[in-house]
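Pasting a structure below so you can have a look.
The chains carry the letters A, B, C and D, assigned in the order they are written, with residues numbered from 1 in each.
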């Protein structure tokens, strides 16, 4: 149950209500909000006077629910770079899997800027499953991204893989990406709740839609309203492709949540040959963005070599995006 | 290994080669073709004189492989209704889940014709998982479909669920649909190999892409070249939607096979609210057709009530299809 | 809803009730039984006089439900070979994947008899996923099994893969095995409902427990009470093993159904090295039987070579079975 | 590739070799060990003189591989409480899902001790998927466990959920449990590599066996040889049970790794009714331990209420364990 408290209510009463309802309390735009466990469906007799508005919810998908806020949330990546709301924008994000060197990330950033794309992606802390492979450049990588931001006037999205370096990523990124393997990490989620930067949460490949949106609830209920969901493929019995992009799940999220959705066809597919077709399919779904891996020379990439597009392949894909977006009344930004 | 034999070769030699290579033999356009187990990679010394052309293959995806025939196969639903080949056509098929009554199927057929759509779908033998639900009208349903074909000048696609009634379906259908639960049924596959009618094989929801295409090999190696693959959702851990439409798998099939692909977003989603978005995503993939369930009054449908679109919903979706197809250089037929 | 009708009721009334409740009617031990869709929960006013006893059910798991018959059904493979009921027996079935030749099946049968095992398994119609591999000996194989039955005084279990040969298998087998890929095949299920021979239904590897038990309902509601469930592994994201044996599912079936359960660890594992440990785990679950593939020489087997035990391996496993069964108060037969 | 370096080698050479092979270096029992990416299969010419012994490996399962150490690792929970090695011991661990209060954990600890069980489990940091449910007592819970350890002479296993509190858990636990949702968390894994306490890694429910064992490699290659694997159910399409216990995977781990294996049937099943049967199945597999949730009063438990056994149920199960273990030549400790 979500409760918007009345404006004039005092701190002691807020605390008493929070305790009584075993609720989470946060403040948003000067409004005091309580969220109780969803199994509670009604306000206790006598408490009506404290409550301006209330919503009983079906499950612990509460603040993210379209039952609470019917329209898609508006998120500003930059003052003039909006997704969600009434923008009809589909944001294109691209860049390499990992920051590998200054030369490599500079080539990528230059390419991204040359196309008019506004957001560069690249990982510095790589959540590899083996200790015997490239683990990322860490803080040094973050500093290179910072340099690219200034040099090419780009926004930066980069990934946090565990809570030991979450503060650094929040400091350097314009959009904080919580990796699929870290989706349940409350150490990360709770820190991301205390910033106002946009948080892109990738769905764990073994996570249900319910759990996915509940991860967003950790951030939202901590007071950060700027959460973006990112579907990037789930693990199924089919292994000819790396994962299975769950567009049925995306249809569900569009219907039942108020969060913008960005899709990552590169990780889902795992092979560059399918990325262009899948990207166009994603855009035709009417979603808020796509995140596509590109590399100046995929053959020598230190991670995810098989799925990154080279710059020519991406350019050709990029040119087709506007037509597809236009066919459904949306615009590529 | 696929062997195209020389034209002048006699029956006894063909038989001897078939036995020697433990091959399957069939004739297509007057050409004698042998298909051996794919683990055999080369012609025995001395046999070169019998073989016009040969292809060593990586797996038992052989006749369906793009390594054998690089371009997409051309399949004529009617003389002027083509998919695959160089047609760039995306075929729209619609109609109710089941034939329920003459009145119901007549309303559907009339609606389909009114939009200019050429192919009507409806099931007569329903592969229900419970014996205590509607099982379909059987032969009576086939006869009603036959009547609609004449009355509205439509082509008919209908489903076979087990080999006890395969002959009837082959007789009445223009496109024979092998249901997802029957994908492995060799009694059906072998009968379908002996007709020339187009065979649409639905992927079993628990079947790998490899097994899916190998089901097509049963039909192709029996001499029927007109096979269409239909992805309709696989079963995963996610249960908020009925199945998970596997578009990564579709990208794989487009790359590695020569078979036209039709997608069924209705069964994948299981709920009407997501069907329009998913259909547009499918079309943007650049595939050969979509199969969408519609019902004059979904609320009273005897099967799949939740996922069928009503006629107004479908009409609105249909109007958006041409724009999406056009954006990627294809045409709705 | 299951209705046991009163004894004195006449045919016309039975027919009227069947129609009225859209029920399935069958006769078992002179008792007239109706099974209605499970969504119907109560007898219409005025019909109480026709009904001796009734059970409202939660789902279309009805005749198989422990709510209907709380104890496990007793099934006689032979007059002195019982599973279920109060027998506490765990039946061991073994033999090769396929009948390959008279010599091979004779060696297997002789071995089986030498250990005192009563039931021989071997397939004649192989549901292979590729047309380019060994498809089984068909009717010739059934005749070889018939010979082994007489020669070694064994009971025979063999598989039906599609409804085109179901009559032959019913004629020759003592236990009819419905293969995992044929679990939904109503052509088979309905024929098996018309015999009294025990029917072992293998769970489809993509099938839910609900669908699995509903397949049994097709047989039970046709009048054959002798149904055995066989869990043989489901398909999951893990591919280091062939399938994933679902013992949690077995715990569910033991709790909620009245059907004996036989487990097939060979197909689940796919590799001989794990079969002994898994078999002991299965027996320790307290189930009604195990089905294990053995071959005189697995290295040359025409199907499932990697998972079949050789005779020495099986003998050693067999010797350990009694201790495990004894530890939980059961007996190997 | 694993390299055991010669004893007399100097630090500079070790560093040079580490760099040259892009290896991880650690010291165990005074032995310098390098682990290179597994794609490297041989020592460079001229380096033989530095290497006492080497193992080329098939995959990044290296230190955990039975190819490296064929026998099961011996791990001492306490000087006289051993699993693995040649012990033939199967360790029983039990206790509640969460520490809820001193009274509750005291009742549990007293019960555990009364049965002669040596290890108590209970969580303090709960990796809940919703922010609106009980999140655990945190440090206060660890202190209560510490008290129980002294009072009842027990060993304690408790869970770390993210790297923000890993130091505290390492300090208070006798066995550090890395939760299923944290299996990929390198912040945790790397800290656990720097202690010598036994680390129990739970398999992520969406994680492959390969990834699971690679998580262990992060700990092993950091210098802590005391790693235990814990299978606790994977996520599949079947939802009648909470997860699917993967005993085929356990057979794989027993064959290909050298790590002791403990099974958690409670989380796999999710319902108390199946836990006893599954526990006996696990023990019959010949594994090194079981971890079972019990609660003084499951009905009021703050987490996992449905799957916890009450003390009477557990006592009855516990009494049957010795017979099953004995049947396969093992002993319950």
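What we mean here is this: contacts are C-beta pairs under 8 Å (C-beta built on N, C-alpha and C of every residue); 3 or more make two chains touch, one makes a residue touch a chain.
The structure presented is a predicted model; accordingly, all values stated were derived computationally and were not measured.
**Student:** Looking only at C-beta pairs in contact, point me to the busier pair out of A-C and B-C.
**Tutor:** Most C-beta pairs in contact, of the two: B-C.
**Student:** Name the chain whose C-alpha centroid is farthest from the C-alpha centroid of subunit C.
**Tutor:** A
**Student:** How many Å are there between the centre of subunit B and the centre of subunit C, using C-alpha atoms for each centre?
**Tutor:** Chain centroid spacing, subunit B to subunit C, equals 32 Å.
**Student:** Between subunit B and subunit D, what's the gap in Å when you average each chain's C-alpha atoms?
**Tutor:** Taking the mean C-alpha position of each chain, the two centres sit 48 Å apart.
**Student:** In subunit D, what residues contact two or more other chains?
**Tutor:** As it turns out, subunit D has residues touching two or more other chains at 206, 210, 235-237, 239.
**Student:** In their complex, what parts of subunit B are in touch with subunit C?
**Tutor:** Result: residues 24, 35-38, 60, 62, 127, 129-133, 135, 161-165, 181-182, 184-188, 204-207, 210-211, 214-215, 217-218, 221, 235 of subunit B touch subunit C.
**Student:** Please name which positions on subunit C make contact with subunit A in the complex.
**Tutor:** 235-237, 239
**Student:** Which residues of subunit D touch subunit C in their complex?
**Tutor:** Where subunit D meets subunit C, its residues are 206, 208-210, 233-234, 236-252, 254-255, 268-269, 273-274, 277-278, 280-286, 320, 323-324, 326-328.
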